[in-house]
Amino acid sequence: MQTHKAKRVEIIIESMMERRLTEALRKADVTGYTILPVKGGSGRSGEWSRAGQVSRAGGMLAVVCIIKPDRLDALLEAAFAVVERHIGVVSVTDCEVLRAERF
Amino acid sequence: MDQILSLAAENLLSPIILFFVLGFAAAYAKSDLTVPEAVAKAMSLYLLFAIGFKGGASVASHGVDTALILSLVAGVVLSFVLPLVAFALLRVMSGLDVTNAAAVAAHYGSISIVTFVAGTSVLDSAGLAGEGFMVAVAAAMEAPAILAALWLIARYGDKSNSEEMDGELLREILLNGSIVLLIGSFLIGAITGADGLARIESFIVAPFQGVLCLFLLDMGLVAGRGLRSAAGVLRPGLLAFGIVMPLVGSLFGLAAGMLIGLSAGGVALFMVLSASASYIAVPAAMRVALPEANPSIYLTLSLGVTFPFNLTLGIPIYLAIARTVTGG
Amino acid sequence: MDQILSLAAENLLSPIILFFVLGFAAAYAKSDLTVPEAVAKAMSLYLLFAIGFKGGASVASHGVDTALILSLVAGVVLSFVLPLVAFALLRVMSGLDVTNAAAVAAHYGSISIVTFVAGTSVLDSAGLAGEGFMVAVAAAMEAPAILAALWLIARYGDKSNSEEMDGELLREILLNGSIVLLIGSFLIGAITGADGLARIESFIVAPFQGVLCLFLLDMGLVAGRGLRSAAGVLRPGLLAFGIVMPLVGSLFGLAAGMLIGLSAGGVALFMVLSASASYIAVPAAMRVALPEANPSIYLTLSLGVTFPFNLTLGIPIYLAIARTVTGG
Amino acid sequence: MDQILSLAAENLLSPIILFFVLGFAAAYAKSDLTVPEAVAKAMSLYLLFAIGFKGGASVASHGVDTALILSLVAGVVLSFVLPLVAFALLRVMSGLDVTNAAAVAAHYGSISIVTFVAGTSVLDSAGLAGEGFMVAVAAAMEAPAILAALWLIARYGDKSNSEEMDGELLREILLNGSIVLLIGSFLIGAITGADGLARIESFIVAPFQGVLCLFLLDMGLVAGRGLRSAAGVLRPGLLAFGIVMPLVGSLFGLAAGMLIGLSAGGVALFMVLSASASYIAVPAAMRVALPEANPSIYLTLSLGVTFPFNLTLGIPIYLAIARTVTGG
Amino acid sequence: MQTHKAKRVEIIIESMMERRLTEALRKADVTGYTILPVKGGSGRSGEWSRAGQVSRAGGMLAVVCIIKPDRLDALLEAAFAVVERHIGVVSVTDCEVLRAERF
Amino acid sequence: MQTHKAKRVEIIIESMMERRLTEALRKADVTGYTILPVKGGSGRSGEWSRAGQVSRAGGMLAVVCIIKPDRLDALLEAAFAVVERHIGVVSVTDCEVLRAERF
């Protein structure tokens, strides 16, 4: 089938920063994103798990965002401004999508 | 002293404490016992709902008086002042840097609603009851401490280390879910009064202690896991702070309660609130406002040291002091 | 009129309404208060289980009669007919295209079980009770409206815009979880009768109102968030429809209830069912069967306009009319 | 025989069985009715908490005696021995290979706490009660069967097919969540006794049957879905094993209960425990320890065949036998 | 370690379409897939979140499917037939897998 | 923005093996990983879903691990030793990351 080049950006970020990130994405004209729950993880600041937690502190989310390659830089800048002082990971993968008109 | 000891002993053998200990021990022994996140949140919603409503219904039947207003004002003031006290103590006792000290201080100015609930539960057993509006005081004490911490950073710290206090952040702090549910339920309890209470009493009164047991089991699990993985951050000075600060805080609460002229139960609850440290709302706010502060430090101190201390020894001590001082 | 006003006033100050308002306000103020999805589903399972069982147990003690059969038939007929009425009204009042009008119409032919529960709760307070089998009528009214909407599309719309009605889809509609649990609990209640009820009464009766409060808090949050983000789709014609349609629907329910000869409570519940709009089963079916219809329109109307209207003003109105007309 | 039939008939029409059947039927009919995972876990935590605590509180009021000690020892021995019996039966009846036979055997040596709870519930209806400490026996019987299965593999099987029994695995088995919560609640019930029970009674006694109904609804859903997708693995020999083994197991339980001199209720519960097969703790342990064993086989047998058999016919049979034999 | 070329297909789709998609995948001889929950997202049809929701409408899922490159087209066609009239995103990434015999 | 080459490893593994896997990762000096919940799936051993389940058996998790390319082999070896006898899928994708110093 006909596919089109795109970028898949995955941002793993603290739950508390969710609204700030999605607003930054909107301002950078990102047309869509999907948020996946995260159960736990480990990094330089140690290991964590959501089991039994009530506070939103100490939870993370994965935000997946598929965009046209030429929009990548705007997105990364917007995301970086939010995650800069926070823990979190941003990765970018090449991908192909169906229905390019959607992105 | 005798009274404290016997109260403490009785308290230590109550189901809620024992379930906390069970959770703590299970976590330490690396059991895979866990409470799902959604279930922990459900229990926390239930506790806020129930305690808020009961407080409101009690105010509805006793009426609003100046003691209520004064207590709210005192609560807000304490929540601003206690972080300054905590900050000073921390700088002396622990050598934490300004950012971390301010973050920890915010937790001790704010309150832990479960500690409050456990306090009312001990009062019940002792045949006492605090003023119903103390729930509203609890809600009022949640947020100001966060502002105090940001002020401390602005005053003593590296300004670049804190988010500027924008409207968004302030709204998040003042309208965080637990404050909204607690105050909302309080108001609805106050509006619907005895009638409203009669309609939902068998939901919020009868099963309350049982839910509290399961919730404390979960808190034991979380505290135990936290302590196990972050015990390293607790240098002796910090550990001492986690026990000294609630005692110091309780004296501020004692003063406030006495000045306002609350009942023995009310004074005890004011002490409990001042002594307790937040582990839900403040940590979340700190991740946004002071991301450079290390969460292991403030969470471990608040949930792993001060919460168990208050639960087991603190509350009986505060109650005994409140009774002695008020003669109640 | 006086009666309506005093009923409405009393209703507006009941805990369940106030918790709905609290949720709505919290969402509007952008508080981060949320109920986890699993907890919302648990409460909805509980309500279906409890109301189904109680209805069945009540039928067991009153026996099956022709009124039950007639009411079921009338319910199914209404669920087929009301979408046609709604569709015609929408085409006149709102200028929605065929697909969206059909999708909205399906919601108004079907029912909202929480509105029904709130209705029984108001009846209780008024010392009335509907026939126990009205729960089964509620279940019978869930699905036919969806078929009516698909027929509307086939008749007036662009055929390519709807999934052909395959067996899979029909099964999904008829065996959706809430229908199965409601009917299943009803049957089990009817089979086990008073004995069965005695065994689980303290689970399904005593805590019911409290759970309903928390569930309505959640519905307020969801409705408030929905309205905030989709208020744009509610042009005046649509908004008016969201309030006119339940009133119109209730008259159909009134006619059905009177013809069958139900009690005042039964008539009122028939009105409530006809007036209410689905927000769980039908939206889900529409996503499969009419993916081109815009969910913001039907969800916002049903949950953001009609549900709050019925909850606050509609139910007292229907009850007052039912009483006046039946003289009950 | 008459007694068995009437007990079985009464049992079959109890709400808990009917809700299990409802779930089973809904799954078979491919309804989308589901209970969220977190809610299922919450109900399971509740049941363990409640039954453990009640058992402990009952021991507190009856005192510890040699029967308790003997029953615990007998439970552990049975949990080691029953897998050997099951293994031999399986090799004869089903032709399963060593690995799968050992994995299945582990399930039948261990116990199902819901079957135990259903058993106590039937005892209640019959006006009987088992010794409170039988809960502790249930906990003691959970784990040894796993060790027996690993021994079977080491003795008869391909050694490379099983994880060596490292400390980590042993800890996981002995400290799995359900054992810890059950024993912990039992001990807390025993420590706090009648006082503790009074405080949380309205949480763990009154709503118990209702929660059990919902939990069995969920188990019906899970069992039905499992059977539908894995019915293929159930060759006749295996199917027969799923019904013969609980009967055989129950006789071992009968012998143990009689030798110790338990009451009719206690003997019946010992039979129920020996007859029941694990579907939570053992499957999880098998995934780690015997990954080559096919989970469809052991889960389908335990949850899809033996559990429904015990729930519907087994329990009344065991109770009738226990009564006849003890003359109780 | 020895790895083998494969494709990672990620389909973000409405919950209600889950069964239809997985059946289409099975018919296209896809040997395996994994379904991840999704918490929320945003797209042309607006923003949504699962918080507090009871209805399955308005929820999405992420289906991840790792396949041999030569099976990609069959999979995309099967997936496309299901998502065509629905909201949703399909993306394909090159990847390497261990244990190629599994795919 | 300045990005750096990295590898994104995704390991879909039985819940029961979580601790064994994360410990193996730690021993292989992996500096971070994120664990995502999984709702259901299908493979050679049939279809499964978490709905209504209490036992941890029959559940899976997705562990995402972003690492420097030169660390890939050590990670794969560690992961493989754990999943070898178990069901599960390991895939590796090329990606780009911000803040390379974190990995």
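Every chain is named by a letter (A, B, C, D, E and F) in the order it is written, and numbering of its residues begins at 1.
The definition used in the following text is that a residue touches a chain if its C-beta (ideal position, glycine included) is under 8 Å from a C-beta of that chain, and two chains touch if they have at least 3 such contacts.
Everything numeric here is computed off the predicted structure, so don't read it as measured data.
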Exercise. What chains touch chain A and also chain B?
Worked result: none
For this session: Touching both chain B and chain E: give me those chains, sorted by label.
Result: A, C
Exercise. Hey, which pair has more contacts between C-betas, C-E or C-D?
Worked result: C-D
Exercise. How much rotation, in degrees rounded to the nearest 5, is required to superimpose chain A onto chain E on the basis of Cα coordinates?
Worked result: 120
Exercise. At what distance in angstrom does the C-alpha mean of chain F lie from that of chain D?
Worked result: 34
Problem set entry | Euclidean distance of C-alpha centroids - chain D vs chain E, Å | 38
Seminar exercise, completed: dist(centroid_CA(chain C), centroid_CA(chain F)) in Å evaluates to 45
Exercise. So, what's the distance in Å between the C-alpha centres of chain F and chain A?
Worked result: 18
Seminar exercise, completed: Expected list for chain E, residues touching two or more other chains, is 36-37, 47, 56, 93-94
Exercise. Where does chain B touch two or more other chains at once, residue-wise?
Worked result: 32, 34-39, 41-42, 206-207
Seminar exercise, completed: In contact, pair by pair, are chains A-B, A-E, A-F, B-C, B-D, C-D, C-E, D-F, E-F
Exercise. Contact residues on chain C for chain E in the complex?
Worked result: 34-37, 40-41, 44, 168, 218-219, 221-222, 225, 229-230, 279-281, 283-284, 286-288, 291-292, 294-296, 299
For this session: Within their complex, state which residues of chain A touch chain E.
Result: 1, 3, 6, 8, 22, 26, 31-37, 61, 64, 66, 93-99, 102
Exercise. Which of the residues in chain B come into contact with chain D in the complex?
Worked result: 13-15, 18-19, 22, 25-26, 29-39, 42, 206-211, 213-214, 217
Exercise. Where on chain F is chain E touching in the complex?
Worked result: 10, 12, 36-44, 47, 60, 62, 73, 76-77, 80, 89-94
Seminar exercise, completed: In the complex, chain E touches chain C at residues 14, 16-17, 19-20, 45-47, 49-58, 85-87
